[in-house]
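Take a look at the structure below.
Note that the chains are named A, B and C in the order they appear, and that numbering of residues resets to 1 at the start of each chain.
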Amino acid sequence: MVVVDAAGGGGRQDEESRRLGFALTVPAQMLVLFIAAFPLLMQAYISLTDWSPLDGIGWWRAWELWNGFANYSDLATDNRFWGALGRTIIVMAICVPAEFLLGFGLAILFTGNFVGRRFFYSVLLMPMMVVPAVAGYMFFMLFQSGGPVNDILSAIIGSPVQIAWLSDPDLALFAVIASDIWQWTPLMFLILLAGLLGVPEDQLKAATLLGASWWQRFVTIVLPRMKTIIVIALAIRVIENFKVFDTFYIMTGGGPGVATETISIFIYKVTTQELVWGYVAAIGLTILIVLSVVAGVAIKYMSAQRREA
Amino acid sequence: MADITFRNVTKRYGETIAVRNTSFTIENNEFFCFFGPPLSGKSTILRLILGLETPDEGEILIGGQPVNGVSPAARNVAMVFQKLALFPHMTARDNVRFPLVERKQPEAQIVARVAEVAEKLHIGHILHKPPAQLSGGERQRVAIARALVRDPAAYLMDDPISALDARLREETRVELKRIQRELGKTLIYVTHDQEEAMSIADRMAILEEGAVSQVGTPVEIYDGPANEYVARLLGSPMMNIVPALLDASRNSFEAAGGAIRLPAGVVPEETSNLGIRPENLKVAPWTDRGEGQPVTVFEVEPLGGHTVVTLEAGGQMLKALMRGQPQIAADSLVALTCSPEQMHFFGTSGETLAR
Amino acid sequence: MTAIHLEGLVKRFGDFTALRAMDLEIRDGEFMALLGPSGCGKSTTMNMIAGMEAPTQGRILFDDRDMASVPMGQRGVGFVFQNYAIFTHMTVRQNLAYGLKMRGMPRAEIDKRVGAVAELLQLTSLLDRPSAKLSVNILQRLAIGRSAIIEPAIFLLDEPLSNVDAAFRAVMRTELRHLQHAFRQTMVYVTHDQLEAMTMADRIAVMDHGVLQQVGTPLEVYNNPANVFVARFIGSPGMNLLKGRLADSDRGPVVDLGQLGATPPLPDALAAAARTAGAEEVFYCFRPEEISIAREGRGLAMPVTFVERIGARTIVHLGEGEETAKAVFDNDVGLSAGETAVISANEETVRLFDAASGQAIGSA
């Protein structure tokens, strides 16, 4: 058996064998394309109809209930949808920056050495490993009126506190945001720590020797070098946060009223309770397009970075 | 038999020509070195021999048999790995056994073969140790043993000791050469260090941009470079190559602003450049009775056993390698001499001219 | 321009002592090489001078100022890293301007100085190029320029030539030395390559296992190594060392090399020094370049085990086991492996070392 060091040469294959290789993978690529594209096409198709599983006809016959772009125009005027979207964006606008700043702060802390670093490192990563549904249940318990959060507040203030966190429309959103930050700051921390450790130490030393202060080093060396990874971390969290469902649903079921109803919960309810699948398909597709734009911008940015580097 | 022949082999990667219409023969049991600057095609040639690449044109023969369509596994040539070569969790013995176990050979045969190779490489006494407990040289031997255990016709090494520091390299190259002599197998070796190549090769091929410039023993090539490129590549300090001008009377050639002057008779007519190895350039203090032109000492670098003297002559820098620690000061004037027999004459396209 | 004094410098990392009581004076404007194998403490020494690491004991003085309380950014030290540590996300100009910008210097003044340094280092045409894809020699110049622009009194270079291939080293070495002439700073250069140290430095500090072995000019260190380590380390190949006992012969004091027989009589001064030192077991040492060789005659008879020819140079490997030597010649001596050679060392270059302490006996 002969194996060779990748560094040993160009590693490029013959043009001919590359073409053959491509030909051989065509069936597999078609399959992948089909798997990826089929549900999308199906969704697009249904979104243009009034089809519901209760109609008693198969989805492929949905054209009988064709309604053109009615679902999309309904969506445009659906206040519950816009409310859910607005809430989702508020949650995102608070959670993602909070997770980013907290995660970055912690990551910077963890680039240094301190007693118990390994221990705290493990502790810090734990929330991420908790099943979101379980996390939802934990926070549900924490924020009960007789729950630990109130107990702690009582102890601090000295008089009994009885805040109804989850049934007060204003506070419920705060509670779910807290749960999200708790669960996902560790992911930010982990990604950003990896990024920080990737900043060449020599460059930091060189900057110090050239007279740069901590903050100057951070702004001129660390941030520029972490651009790509910051964009990745933010994109992951924006997309994930947009889709958040299980934790919130278990904590509040989207309530009280619609106070914590995010897009995912909204879709879930419309799907399971109202069974208007054509409408749901339209919502789903709209959101997919929005998220694709976010991801697209991030990817474009990153490839531009790579070309520069 | 393990002679390896390239017949007009060309290998392209898209637009780039990595190996250009190259022909040579590596004889059975010789230590053959490929030497050239980065990207001169050294590693591609190794990959062609190993069968990891197929030539676009031409033919490769191993032991007289064409191997163009033969897979790497069936070629019976082995690559000796250097970095991370040995599996750290296995003893030296298990490392050496590995290729045979992999091929599901009968146990008795494996034991016998390992013993045989171990004896040749003098590693019998360390086979029970894990690689971490071996010295660098021992590890090298074990790595070679692992390559040899399946009895390849030839083994290949790609710049194996470039990562070692200077002193260790000097010792390791001698060791490699000894091992090859004892084993008597064809070793094909790639290096970018001219001193290493000259020290260990029985014969070597000098590569320039994918083509072989010259093949021969190191001494042959050093003393008789085929062209300026080869002349510059071997030797440290580099050969001095200066333009030679036929003077108005057409009686003599002069170079380096007149510091070197030769009667036209000893210089081939078409000469455009003169080459003088630094060790052949003699430097003596300038006296008024001296012939020719004095030159200025630009810099003196004592190396202990030798001294490199850089001279400025007619706007050109020449280097002379002198024995010992001569008392020469920078900025002083000296006279240069060099016997015509030790000079090299190059034509307009860099080719060496016959005297 | 600043002189550096190291006084009783010690550095420990946990149980490991990287540097033991180092005393060294680096003169104003001098090019000093710290030379030794990896792990000898040379890089630790340099890092302490730069302030990247704090000494466990001892003092570092720049002229008369104790540096203990001066942080690394304020020592006025230029540092060229082994990998150059160029800020690859910036252009050449931004790299050069970095130190001045961090000091909040006005834009116009920065531009003026960057222009001047770029001119000196021939980087002017590259100023607005991204620094990520430059060749090594340009990176080296850029790294030097970036440090030089803040006008440090001291320049520290950490093996800047180690990732350059052999052919190119000579070019960069010359360039570096010319730069030192241009900037005239005190330079400290760390290297494991004795040839590099010999050709570049005004003086060399040879180190091993955290201990300073010898300080001197390249030729002092080459001609009169202070101990066995330096004798072996300096030179290519290093000095030959043969173990023996001092003995008397009818021709004067000699070294009895056991199986190899006795050496020729020692020079008078060396013999006297050996007698005074009272050493019994000694190393009889001579340079590979300072040997005459023959097939027979007077001298040490040793088997030729290997002959290396490197261009015009021939290295003859002699002897086996403990008793080995190398001889270097500028021509082919016509010997081949298996023959026996009789060698004699040039008497003036013979040195003796006490085998017990490893220290040089007398000084020639």
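Going forward, contacts are C-beta pairs under 8 Å (C-beta built on N, C-alpha and C of every residue); 3 or more make two chains touch, one makes a residue touch a chain.
Everything numeric in this text was worked out from a predicted model, so none of it was measured.
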- Note on the structure: Comparing A-C with B-C, the one with more C-beta contacts is B-C
- Message: Please identify the chain with the largest separation between its CA centroid and the CA centroid of chain C.
- Response: A
- Query: If you average the CA atoms of chain A and of chain C, how many Å lie between those two points?
  - Reply: 56
- Note on the structure: chain B to chain C, mean C-alpha position gap in Å, rounds to 27
- Message: For the complex, give me every residue of chain B touching chain C.
- Response: 37-38, 165-167, 170, 174, 177-178, 192-195, 198-200, 218-219, 222, 233-238, 277, 279, 301-306, 308, 323-325
- Item | Residue ranges of chain C touching chain B (in the complex, touch as defined) | 37-38, 165-167, 170, 192-195, 198-199, 218-219, 222-223, 233-238, 287-290, 306, 308-312, 315, 317, 328, 330, 332
- Task: Would you mind writing out the residues of chain C in touch with chain A in their complex?
- Result: 50, 52, 72-74, 77-79, 81, 83, 85-90, 98-99, 102-103, 130, 132, 146-147, 150
- Residues of chain A defined as touching chain C within the complex: 200, 202-203, 205-213, 216, 220-221, 224-225, 308-309
